[in-house]
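Below you'll find a set of structures to go through.
Look at the two complexes coming up: chain A is in both, with chain B in one and chain C in the other.
Let's look at the complex of A and B:
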């Protein structure tokens, strides 16, 4: 486990970020720093704004107020395309490209966006696929894969962009129980190589194991932000206790 | 009034198959290509909801669906200074059928789940790459049955060209009527030819559909 370390560089910083859909404020004056090699796990009740938070970090949603700073550079409409290349995201619903083989799913962005050679991209893809135990699926189409395999391919696809930070939005909640482990193992591997991650998950045991820091999001704000140990044992917060008791039962 | 076997032969082969059918096929091919070009361009613009153009094309689709085909053709015939009856017909039918194809393709694009667009956006994939490598192949698959149905309508719709004197099948038949005055036989043959054309296309369409499915989604896709 990697504990919070103030010496490490801040990769990502949200400062007083506000996001509303019409009158519905979903992120209310949120601030958050993520340091290199940190693994931040977000949890909280449905509708609390977890997905929206990840999506704003990736520029999939525009913010109404505040700033997002990536490695010292404020994210703007202009540089978002560039910054996004360094931020990987894995969705609950995989979102693989249905008409492309796994191989093409993996290499399309590195080739078209990072301008890698096809051979180099394929070699790299093969390596990741080996690591995650699905190297025999390179020629398969998404509809030929199980949910767990799809999600691992989605993780590899994000990794192919050589991201600086990875965002996971409930990566296992669309999976059958027997497939959850495969995907969590894949994320564990990323943790071992020191990948910085922000993970939304309801797998509390997994969070306890990998998280360096836990955030509890509720009604548009970060209600609790604490190192993992403290989060589970030392925080006196009625709502958090209630949430944990429901989810741990 | 009885027709001799020779008359039947003259009507069916000499007039309809040899003189009329080639022009009908040319009309079909020409307006098919035209309609596809319009439909693809318009459908992509509407599918991407590009402001202003989207609204204009929406109006265009509504107009074409609301006005009888013959009026559109007559309008083009009246305003076009240049062009043969053939080329004017191709233009008019392309414009009419293009509107329908546009709406089909727009619907296809909108039905591709948002997730794939988002994944592409999250990796900064350029929009043209997403369109041509990912979205349009899937749209082709989804929209194929509707598009084939539309092409059948296009084939049938080419007979409207007869109203401005384009010598395709129907017009040949109308002229032949003056000579043979047996509507049942003359129009009966035309009907049979159109039926065979449309039926053949539908059959061909099914095979193409299977091919496209395999090409787009790999084997074993249900």
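Let's look at the complex of A and C:
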């Protein structure tokens, strides 16, 4: 397990980020630094702002106040398109392109956005698909896949961009129990190769295993931010204890 | 009265010429109207500043006024300002009118697509227009394929109005045959039979497209 290490470069920095939908504040002055090879897991009750936080990093939600800095560069409307190429995101509902085969889902962004050659992209896609045990599904359409297969394809699709950091927005919440494991195994693989990740999940046992750092979000703020071991044993926070006692049951 | 086969034998070549003109205008109008409808539907969907205001006004106006009035408007109005042939005006009138209906169909299709598709595209670094082109429009067209094919049938029937601006298509031929022989049943029923045949061909194409779409969209097991 990799612990927070101040020497490592900060990839992503959220500074006093505030986001409101109308009068409803969902992110209230949140600050967070993510360093290379860190795996940060966000947990907490629904409505705590976990998903919104992830989505702001990718520019899918605009922030009302504060700054998001990616590798020293402040994220703006102008550079967001470019920065997105380096930030992979995996959604709860997969969001594979329904009109394309798995192969085309995987290669379209590398070919059209990164201007890679088609042959190179296909070769790379095949390699990833082998690693994740779904190489026989290249010609299938998304609707022909199980939920677990869809999510693994979605992970590969994001990885095809050779991202710097991967964001997971409740990647297993829409899955049947027997499919959760295959997706978690895929994420474990990314952990092994040192991928920097921010994961929103309710799978606390999994979080405990892979996370280098855990954040507890509640009522639009980061209530606890601690290295994993300390998070589960050493933090004196009434709300966190209550949340853990419910979720660990 | 009744159906007169003898007249038919004598006017066969006229009818075939008319049919050919109808098919030609239909094909050209269908291709341009579908592309035009996709373009306008996409602009309406995206709410492009300023532009969408114009395209929305256009869609409403051209859907809610009669096609024949529009044809006359272009034929007598536009030809005063610039020299345009009747055939260009004919195609143009069909495209503007039927294209407006297709635009609304396409816009509805685009709106029915899950927002996650767009978000996934943006998160991979695609621009708004790339997202429309690669993901949203193909999905919208497939979703609305049946309604668009209905418009294809309508466009074929709409070409009959072009007889009023000197285009010698199928209905025009029927009209001439009738005024020559005073045999309205023969003259018009023959034309109707040709239109109906075209309709059956469109239905056949539609079936083939449905079968392909089912394979891709999983409406039936493959």
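We adopt the following convention: the second predicted complex is superposed on the first by the 249 of 249 C-alpha atoms of A that agree within 3 Å, B and C clash if a C-alpha of one lies under 4 Å from a C-alpha of the other, contacts with A are read in each partner's own complex, and residues count from 1 in each chain.
Simple rule for what comes next: contacts are C-beta pairs under 8 Å (C-beta built on N, C-alpha and C of every residue); 3 or more make two chains touch, one makes a residue touch a chain.
Given the structure is predicted, the values throughout are model-derived calculations rather than measurements.
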**Asked** Clash or fit: chain B and chain C on chain A?
**Response** clash
**Request:** Answer with first, second, both or neither: which of chain B and chain C does A:96 touch in the superposed model?
**Result:** both
**Prompt:** On chain A, what residues does chain B touch that chain C touches as well?
**Reply:** 58, 60, 81-82, 84-85, 87-89, 91, 93-100, 108-109, 112-113, 141, 143-144, 157-158, 161
**Message:** Touching residues of chain C toward chain A in the complex: what are they?
**Reply:** 114, 116-117, 119-127, 130, 134-135, 138-139, 142, 216-218, 222
**Request:** Could you please specify the touching residues of chain A with respect to chain B in the complex?
**Result:** 58, 60, 81-82, 84-85, 87-89, 91, 93-101, 108-109, 112-113, 140-141, 143-144, 154, 157-158, 161
**Request:** Please name which positions on chain B make contact with chain A in the complex.
**Result:** 113, 115-116, 118-126, 129, 133-134, 137-138, 141, 216-218, 220-221
**Asked** Tell me, which parts of chain A touch chain C in their complex?
**Response** 58-60, 81-82, 84-85, 87-89, 91, 93-100, 108-109, 112-114, 141, 143-144, 157-158, 161
